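Following this line, the structures themselves.
Look for chain A in each of the two complexes below; its partner is chain B in the first and chain C in the second.
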Partner chain A sequence: MANVFPKWVNTIPIKVIVAAILIKTAVIAGFTYYFTPKYTRVGYAPTQPVAFSHALHSGQLEIDCRYCHTNVDRSEHSNVPATEVCMSCHSMVRKDDPLLAPVRDSYASGEPIPWVRIHKTPDYVYFNHAVHVNRGISCVECHGRVDQMKVVHHDKPLSMGFCLECHRNPEEYIRPPEEVYNLDWERPETEEFKETAVGFVHDWKVNPPQSCSGCHR
Partner chain B sequence: MRIFFAIFIFAIVTVVSILGFRGSLSTKPPLEVFPDMDRQARYKPQAENSFFDDGRNDRPIPSGAVARGNYLNYNEVFSEDFVDLRLGDVAYNKGKHADDTFVQTLPTEVTYANMEHGRLKYEIFCVSCHGAAGDGNGVTKPYGVLAASYHDDRLRNESDGYIYDVIMNGKGLMYGLSDRLSADEAWSIVLYFRALQFSQNASVEELTPAQRDLLGI
Partner chain C sequence: MSNSIQHSTAEATRTALLAKVQPAHLKDEPLVANDRDFNWVTDKICCVVETKTPVWWWVSMVVALMTASFTGIGLLWLVSTGVGVWGLANPINWGWAIVNFVFWIGIGHAGTLISAVLCLLKQGWRTSINRAAEAMTIFAVVCAGIFPLFHVGRVWFAWWLFPIPNSNVIWPQFRSPLEWDVFAVSTYGTVSVLFWYMGMIPDLAVLRDRAVQRLKKDAYEGAGALAKGMDYFRKNLYAIFAMGWRNAGNHWRNYEMAYLVLAGLSTPLVLSVHTIVSFDFALAVLPGWHTTIFPPYFVAGAIFSGFGMVLTLMLPLRALYGLHDLITQRHIDNMCKICLGTGSIVGYAYIMEFFIAWYGANPYESYAFINRAFGQYWWAYLMMFSCNVFTPQLFWFKKVRKNAALVWIMSIFINVGMWFERFVITVTSLANDFLPSSWGYYSPTIVDILTFFGTFGLFSVLFLLFLRFLPLMPIAEVKFVMPAADPHGHSKDRQGGTH
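Let's look at the complex of A and B:
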């Protein structure tokens, strides 16, 4: 009796298995890589109504974060400054620059400048800026090196895993309170500093919640 | 099988070329793959609100009202002779007595903590224009900001209340900081301001021999 199936049919199961493994791997890799805030949020850099450069103001001129974001250490919300804050210098500096026209218009009319918000937590997340910066967690931990950004972009994923990473090990992120607004500060890699950091966590009674209701309401 | 590999590679290249890599800058808002209840109809600070004519969520304070927990508009609300046990009197909040004369000397305690507080606030709000030594040589000077030097006889002889008034309400080209400073912060800046003046206008005779030895003069 002649063979019903030609010989190449023998390789079909192997080929199907190889193809299935490849497709599955690719799909899983694709989901892991793309379906995460590390991809969806990081790098968001909207065009703002005024081409304000943090690299110039904060980096080069070393204006303190709190000069404009004054409420960061006294409120849960870190405010975008009023136009008047811009005008305290720009009534003198570049006072006829067309790039600053929206600022002057806003100051004259009282209409706010429509800045585009970049960092958004979901609405069921209650993040409090003041408790973080007043207990030695620097701006840079969540916002990155804003002082080097000409156009601000979303630098960290701000996912729940990202928050918990620090909430579980605060001593690895906490820093001396006077360095909180110094984005340039480098953490000393010494045993001595590690002990100091553990001391900060203990002395300031830093007890970051890991329960759901700590942040979700 | 070759056809399969060709399609497989093509699919990966297509996906990667469309979606790009993690962290690449984009002006497009972040993709929210599963929106869940991330964006709720809830009032957020400084957010937009189509309900009100001016589109703002933050409502201006009606005249004669005090925002809860916020006495920054204290002066506009209370009458001249109002005395609050916790906040002090009008002289404390305004730097002026009821008859419009300036308070002569600091109404706060002169302590090291208060001085440090003043230095901290000075380095946030004043140093960019007036400089670390208070000589008017801040980083903004090359850009055309004209800031006063503290080291002249007129400012040495002005009352503390006058300095307080200038910090809060501005003078000439300088804008007031009453929207960003509380009364006790402004008074501590006045204290540090006096220290800066003294630092540039002290004579060797005022030091004890021990202090002179320490400085080597």
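Let's look at the complex of A and C:
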């Protein structure tokens, strides 16, 4: 019986397999790079209605994070300060600076400044700021060196993998409570400190949940 | 010396005895009746695919498609609304979905048993039913898979069931029997498809070559261009899937080896898949579920229900295509006997569960079983018990086995009974567990009902397509077991031989 197909057809399966492997690799690599929070979220730095510089206030002037974000250690939500907080200084300091005109307008009219939100967890994630900062997890772990940012950008991926990395090994991220708001603090790379960190985790009963319902309630 | 004297005495006694009792010279019924030749078998099986589509096929296809659309509607409803459209609510969060899953998965087991276990045991009668039974297995797995897949609710996340690295840095829970289920069922599906397809390659080549020959003769005057076009289509389609099979000796050698390897791989699956399905229940601590009898009991039930379904499909098939010479009374007898055997194991398990509930002296356990039989779901238990325990016992009688219509009706009873078995196990234990304050009653919703009944349509659609486009019996393997393959009666394990 004559062949139905010519001989070169025999090479089709191997070509298909090779092509499939290449395409799959490309798709997976492309997806991993371009469609995960490491790429889609990190670096987001919207223009804010007021050119507020964290580098100046937090870095140079060394104002504590909690001066403006007053609820961070008391509430699950860390608040963006009201205009009144700005005016507590700027009613005296640089009170006629044109850059601060929107702040003064807001203070006069009572309309809040429309700050653009940068860090946003999905609505099915319950993140509690207070339990983190009160148990030795610094702002810098999730927000980066905000004290060096003239314009705040999204610094860490804040993906689920990012959360779990710390939840699985809290002793590698925990720090003395007095250093939580010191974004400049450097972790001592000593055996002694490692033991101290393990001690923190134990003594403060840090037991970060790894079950679904720990964060997705 | 004394040894040989003993031996000759024994021999003499034996001869004398044999002369006295005059044993009858028993011969098995041949597996292909009416002295058919090889050519007849090829023609018979190929013509199912090659002749004009019969009217009943179109009618059945339309009905099946319409029924299958129920599943489509049910699933669309579920995906667009949420898993709450099923009748699941505390405390019964496993209702029809898991019942239907276990029901369909169980049905698949007969195909694997026929193709793998009976192959290794050299049961010649498997040949004329194994292809269709394997098709049934695959389609049943397809129907089964729908339920757990859509039970996850957000079906687009179903890939989380597989251990694939992801940016969430999480893995499935490997300690959960539900995760084992994922591996068991996907392995089962893969091996079944491979087995089915590989076994079909020589037959696809036959269909290809027949189309090529018809095109060569070019005798299409009466039939017209459509018939010729169809043969072109067939030639190319079957040529692709026959993968260059030339019927050469080394092809057959490789084929036989691969078949044996796959049979060896599938044999443990017959036992393991339903064992793992039973772990979904047995590993929970719920009274009525937490029993060691579950794995063997589930496996027996699966084979029981599977053979029930094979009978349900084969008997009409035999009548519609006139396959009485290929699926003989001997085949039906054997299938009925397997139903009888496994059905009796299932019945024994039902009774043993009660015995252990009493013997174990655990009040929760005894309550679970008394509640099962006499509680709020007594009607389901009665349905299960009467269909699964009493029905197969009728297969002791040759008269019953010879009555094809009766066997068919009883096979339906088996299917119904086995569905109720899964319902009873799942629902009664959940509805009345340790805490009376949380007891409840489960009823399916219209979405449950639509989705489930639609799967029968889906199954039928797939099976009808199989009948229309693929050889429904392994042509070469049927020929191996024909009397014509052993004209001199040398082969004892081939079926023409004597005992």
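Assume the second predicted complex is superposed on the first by the 192 of 217 C-alpha atoms of A that agree within 3 Å, B and C clash if a C-alpha of one lies under 4 Å from a C-alpha of the other, contacts with A are read in each partner's own complex, and residues count from 1 in each chain.
Just so we're on the same page, contacts are C-beta pairs under 8 Å (C-beta built on N, C-alpha and C of every residue); 3 or more make two chains touch, one makes a residue touch a chain.
Fair warning: this is a prediction, and the values are worked out from it, not measured in the lab.
Contact with neither chain B nor chain C is seen for A:E195 once the two complexes are overlaid on the shared chain. For chain A, the partner touching the most residues, choosing from chain B and chain C, is B.
By the touch criterion defined above, A:N10 lies against chain C but remains apart from chain B after alignment on the C-alpha atoms of chain A. Of the two partner chains placed by the overlay, only chain B lies in contact with A:P112; chain C stays clear of it.
Of the two partner chains placed by the overlay, neither chain B nor chain C lies in contact with A:E172. In the superposition on chain A, contact of A:M92 is made with chain B only, not with chain C. Comparing which residues of chain A touch chain B with which touch chain C, the overlap comprises 37-38.
Within the complex, the chain A residues that touch chain C are 1-2, 4-5, 10, 32, 36-38, 159-161, 164-165. By the touch criterion stated above, chain C contacts chain A in their complex at residues 166-170, 208-209, 212, 235-236, 239, 244, 246. Of all residues in chain B, those touching chain A in their complex are 1, 4, 8, 11-12, 15, 19, 22-33, 36-40, 42, 44-47, 54, 56, 123-125, 128-129, 139-140, 143-146, 173-175, 179-180. Looking at the complex, you find that chain A touches chain B at residues 15, 19, 22-23, 26, 30, 33-35, 37-47, 61-64, 66-67, 70, 77, 79-80, 82, 84-85, 87-89, 91-94, 111-112, 117, 122-124, 151, 153-154.
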